[in-house]
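To start, the structure itself, in structure tokens.
We call the chains A, B, C and D, going by the order they appear; numbering starts again at 1 in every chain.
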Amino acid sequence: MSERNIRVEPIDRQAVEDQEVEIVERKGIGHPDSICDGVAEAVAGALAREYLDRVGEVLHFNTDETQLVAGEAAPAFGGGEVVDPIYLLIVGRATKRYEGQTIPAETIALRAAREYLSETIPNLEVGEEIVVDVKLGEGSGDLQEVFGEDEVSVPMANDTSYGVGHAPLTETERIIQDAEARLNGEFADENPYLGQDVKLMGKREGDHIDVTVAAAMVDEHVPDMDAYADAVESVREFVEQVAGEHTDRTVDVHVNTADDYEEGSIYLTVTGTSAEQGDDGSVGRGNRANGLITPNRSMSMEATSGKNPVNHIGKIYNLLSTEIAEQVVDDVDDIRDLRVRLLSQIGRPIDQPHVADVHVVTEDGVELGDVQDEIEAIVDEELASVTDITRRVIDGELSTF
Amino acid sequence: MSERNIRVEPIDRQAVEDQEVEIVERKGIGHPDSICDGVAEAVAGALAREYLDRVGEVLHFNTDETQLVAGEAAPAFGGGEVVDPIYLLIVGRATKRYEGQTIPAETIALRAAREYLSETIPNLEVGEEIVVDVKLGEGSGDLQEVFGEDEVSVPMANDTSYGVGHAPLTETERIIQDAEARLNGEFADENPYLGQDVKLMGKREGDHIDVTVAAAMVDEHVPDMDAYADAVESVREFVEQVAGEHTDRTVDVHVNTADDYEEGSIYLTVTGTSAEQGDDGSVGRGNRANGLITPNRSMSMEATSGKNPVNHIGKIYNLLSTEIAEQVVDDVDDIRDLRVRLLSQIGRPIDQPHVADVHVVTEDGVELGDVQDEIEAIVDEELASVTDITRRVIDGELSTF
Amino acid sequence: MSERNIRVEPIDRQAVEDQEVEIVERKGIGHPDSICDGVAEAVAGALAREYLDRVGEVLHFNTDETQLVAGEAAPAFGGGEVVDPIYLLIVGRATKRYEGQTIPAETIALRAAREYLSETIPNLEVGEEIVVDVKLGEGSGDLQEVFGEDEVSVPMANDTSYGVGHAPLTETERIIQDAEARLNGEFADENPYLGQDVKLMGKREGDHIDVTVAAAMVDEHVPDMDAYADAVESVREFVEQVAGEHTDRTVDVHVNTADDYEEGSIYLTVTGTSAEQGDDGSVGRGNRANGLITPNRSMSMEATSGKNPVNHIGKIYNLLSTEIAEQVVDDVDDIRDLRVRLLSQIGRPIDQPHVADVHVVTEDGVELGDVQDEIEAIVDEELASVTDITRRVIDGELSTF
Amino acid sequence: MSERNIRVEPIDRQAVEDQEVEIVERKGIGHPDSICDGVAEAVAGALAREYLDRVGEVLHFNTDETQLVAGEAAPAFGGGEVVDPIYLLIVGRATKRYEGQTIPAETIALRAAREYLSETIPNLEVGEEIVVDVKLGEGSGDLQEVFGEDEVSVPMANDTSYGVGHAPLTETERIIQDAEARLNGEFADENPYLGQDVKLMGKREGDHIDVTVAAAMVDEHVPDMDAYADAVESVREFVEQVAGEHTDRTVDVHVNTADDYEEGSIYLTVTGTSAEQGDDGSVGRGNRANGLITPNRSMSMEATSGKNPVNHIGKIYNLLSTEIAEQVVDDVDDIRDLRVRLLSQIGRPIDQPHVADVHVVTEDGVELGDVQDEIEAIVDEELASVTDITRRVIDGELSTF
């Protein structure tokens, strides 16, 4: 029997899948907010790895405040140009001096940002179409003795905070998540006209799902208006097909609905992201830790990207609660909806949350009592290995947005 | 009978007041995130009024991305100093040229920010302890013919977005809200040692409420450790008293629990905000439009502060849904909990949301049917006067964070 | 007999007063380059005084790199406005940590800049029409033990550098110098339409002098084109009168010659400086240490403003050589032209220059031998009291541009 | 007979070669001031070429204000690292909109800067060890009809300004110039330990020349202190040998004299430039247009680098007067020293200077009258082809610093 304060209770609402109206959104990896999330997390990972490498421990840092100031662009069929560059300011704190060593935190941050951007938004010329600047204040310099190379102790919570996770995803959620991933994966690989800035919103009313896609097209690969129209239609068909794999409900897909072909007002970009023209971005304003924005579910306001994965309890508990929810649903049958909330208490070890409450909707005919022990055991086990989350974040294995 | 798509339904969960665990948070006006919200909204209001004044219409702008980079300070009993200034970057778009006129958007923004900061954080010397910079790209220059001085037409939604509002507030919510307001009001007036950066978290488990307060003390007014301890105790007593006015539940108040007097590690500041030392901030990362962070309720991720109040549907619907919820609860008896969600559809007039759904928990013994028509009528009426929201935002009458 | 290496020799050219063509220029205190010089020097003085005050010694700093990025303005008769603010970046190094004390170098710099700007360019609203930012790297932290409160030792030269000074000023030089001083003094006091950005160029060919003045007018005090024309004419008459006090040569004064009244192209400003519209500036690009640009004389490239007055040899020697030249001409009769050059050698005390060479043109009928000893004695004495220069710079008594 | 106002007169001083004391300085291409000069000029050239390419004319721009804020580095034998990146701000004006076209001036500037830096300071990782930012205001947009692709008209002077040039170089000048060029050329090619930041000062007293070299060594190629000492000695020997090719006077070469091996205080860098650690830089603070700082000669304060080569008279006249001086000395025998000054007058064609005065020292036994006509003819011819200077600057054929 666990000594942890774990509660498993029936949820006090319907499963989201059964609610009448459901809204789900995802900002793709090329959206300005996601760019900031991605850079912040890339910088955090690079710092953590570098600290481990140099001093054997993850020192104090927090880089969860990257700000993007949009540029100005003049896209054109066949290839336009960025007129005023995007400005990206990496903001945060990092330990720069430790036991006589200097640690080049800003240089590390710039390198990580550059590599991340080059890889993620390949049409964006870093240093030319985007200026990357950095302001990292000196961190406290306190040793975080909690996460060294050799031995790992469980750190104390640095704050009263909480995290929340859900599983399983609803059909609409899976459609949005999968469609973005595959648009930015297999589809973009074959169709270079699709930029990384795709934003999807799913709205389900009863058994009908509308998926609205805003997809930035890359002008270099779009010779004319017909090609543009074809590109839009291809995206529509692709998303429709992806949706069909996840639901039997009726689905309508709408792509770039604000276009006005007569006026020549279409969603054409030079770089594949709307950051090039008027859309600013910052960390924590877009997707939650599970990659979605889900107003039907409780969400944490906490920005997960860029935070220190060793002791920032908001980050850890958001990732861990999602992890727990998925693990439970994987291992336990007959769960229709499940929410895990972890609430920390300052000064307690983070594997001992003040309360871990799990709210469950079981399938018809199944009693909560039938699965309660099994769930509790999984939660207990996952909490016991909380530092795995830290390790996986540092290794870049967990997505935070 | 309204032609608007208004649905009034029972909520699919318990009233929050009846849930076992409830968490509520508020970042006070001096918190770095709130500073950004406040500056962004002050800038937006100033721009809107200036546009009205100069061209008779509110032109395109969006200033919802202010970023604060923390400074470094050396507080000391009796008065320390800011060592490295805070850096505040106002980011956004604004129309700078319109029909032959130039509009000094950046100058307006700087003035508004300076005035807001001087008034809100009086111990912070603007231009010396905080550098305020600005990067406003050129807005589209399209005339927003929707909100002129003389006639007001209802604009079309610019996006598919939604807003959500709740009423009535639970006891815990009212405690947190009221305590922050009065700490930063009457209490600070009499006790200048209290800084504006107070952060309150309420956690209710059953019938016990814990209120945790982090209160930045202003060193100039704190001569020594004893005075500090007294200040902390005064805050504690004051919050306890405020709480008592809102609940019969048991309440424990904890102030600056991370202090360690032995180590001299206390929450002392020069300026009254943690932005002076290591705490960065940005817009939309803190309080929701109703001034609270309420994980027990559905929340919108949309940043409300700094957005254009004429046509930014996320801003308008967040404010309007809160307004509607409060109006319903004011006018209709026997409502225990109520959530209003407004979902827009691109291209439809904003007084005609795609759906306005109202979920209600009535008091025991009251049927939803008894109040349904009354609620619908209020919603209908509020939607009809949606442009009032815009007017009140421009006049600075509505708080957005 | 001095042990210093002082050489007094005949100059190898005519006195400048006797040369056929002479050019003299001065950028007034409101010129963008002068603004940078002035801010840099104000910051340096403030830092030096603060160091003395706090630790009893002037610590390492160097702030000679302020950069001004021009704004954009829309001046108009009766009062226009700044559309895009000027951006001023204070750049340099300063000691921020010393023997356990933190010294708020950036805060000090911002305050000094703000005060200097408010006083010098009163029509420029600091924080609204100009953003003042700062990037001061950490200085070396080495104690400069050379200039304490109580005892003053003579520091060693930090570099191989040189300074150069001249006296007496020629008529043309005196006209340019005096005209700028009095335009920005008595004239502006009575005529608020004159901005601080006046630039004067004198060109003498034989016995005719042309003085060309570019004078920024302040729109608030200029109701219309006639008033503007009157203002220009007043400036012209004033400068003509000043010139007449210094010379019997013929003088033509030309004011704002690039104006085109037909086209409405005139030199009207909101703030009194061209920095508001397109004219960038930086330190060391304008006037030399004696306040003039004199191509007929040898000049040092060294920026004098903003440098540390204790040990920066370029600054000290430029000021000291000017001081010496003036002292000699005050005390010794019959000197028509005189140039003092001081060349340092790294590691030698700065009162022992590698060579101090003085080149002299005596009046007709006077032999150099007649005055040589007297000159040498003055040079020797001035060198002996080199630290007076430092003291006077710190006290703000010496102008550096 | 020319209609130009050309005067050829005896100089009113000795030839510099014959003066008793001579000082000459050159900041090598990797010095922070030279980096700024180089970037400013690279940006100017790129803009000019791009304007020609796009609209057939060089539009208004001026980019002569690049500012470099030094970083912080931790060099170490065998390879250290940059801890805080250098910050480089490109400042100026450029036409961004012209006849319906947008011209991506900032993107062009960033690209040019990046390419220049990568080529010139190869050990400096752009975007990682140096952040390049840009603030280019909108230029006036006036068409500069003066310099098109097809026809070239002679522009009017935009200012009253002057340029000055000298020839032939003295021995000391040639030593300094050649030594820097070859250190950064053949020597560095074979000895990668030598960084680009070499600063040379020559001081001649009578027939003895001291050359003081400050040479930044690149740590990656310097394994230990012995290797460092060898590197210093190699530089010394190389400069000694170069000097021997230019003079029969005695020469002493001193390299890195401020080093203190005992203290481990040596001139070791990561990137080959002192900009990495504490040395700020800006345009126009270093070398004059002929690549040297020559206090024995009259110099122009005008920054040549970064200015528009079509109509910026300060730039053109500095380059042209140097060109003329060199041409005269090439073609006319028996000239020992020669100074060319060109003075513009606003509104006159730039091939018609207000006055072109040439001051000459002939060899003993040669009368000025013997060469006067020849000189005048060359000056006349060079003035007639003034637009060649513009063309060659645009093509990057003329060095400006």
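Everything that follows uses one rule, which is that a residue touches a chain if its C-beta (ideal position, glycine included) is under 8 Å from a C-beta of that chain, and two chains touch if they have at least 3 such contacts.
Which chain is which protein? Per UniProt: A, B, C, D = S-adenosylmethionine synthase.
Note that the structure is predicted; figures quoted are calculated from it, not measured.
K.L.:
When A-B is set beside A-D, which has more C-beta pairs in contact?
P.N.:
Most C-beta pairs in contact, of the two: A-B.
K.L.:
Calculate how many whole Å lie between the centre of subunit A (S-adenosylmethionine synthase) and the centre of subunit B (S-adenosylmethionine synthase), each centre taken as the average of the chain's C-alpha atoms.
P.N.:
Comparing mean C-alpha positions, subunit B (S-adenosylmethionine synthase) is 25 Å from subunit A (S-adenosylmethionine synthase).
K.L.:
Measuring from the mean C-alpha position of subunit A (S-adenosylmethionine synthase) to the mean C-alpha position of subunit D (S-adenosylmethionine synthase), what distance in angstrom results?
P.N.:
Distance between chain centres: 51 Å.
K.L.:
Could you say which residues in subunit A (S-adenosylmethionine synthase) touch two or more other chains, in rising order?
P.N.:
Expected reply: 84, 87.
K.L.:
Please classify the inter-chain touch graph. Allowed labels: line, ring, star, complete, other.
P.N.:
ring
K.L.:
I'd like to see which chains touch which, written out pair by pair.
P.N.:
Pairs satisfying the touch definition: A-B, A-D, B-C, C-D.
K.L.:
Quick check on the complex: what are the subunit B (S-adenosylmethionine synthase) residues that touch subunit A (S-adenosylmethionine synthase)?
P.N.:
9, 11-14, 19-21, 23, 62, 64-65, 67, 69-72, 84, 87, 89, 91-93, 135, 137-140, 160, 162, 164, 201, 203, 205, 212, 257-258, 278, 280-286, 288, 293, 295-301, 303, 341, 343, 346, 355, 357
K.L.:
Enumerate the contact residues on subunit C (S-adenosylmethionine synthase) facing subunit B (S-adenosylmethionine synthase) in the complex.
P.N.:
74, 81-85, 87, 96, 102-107, 110-111, 114, 126-129, 131-134
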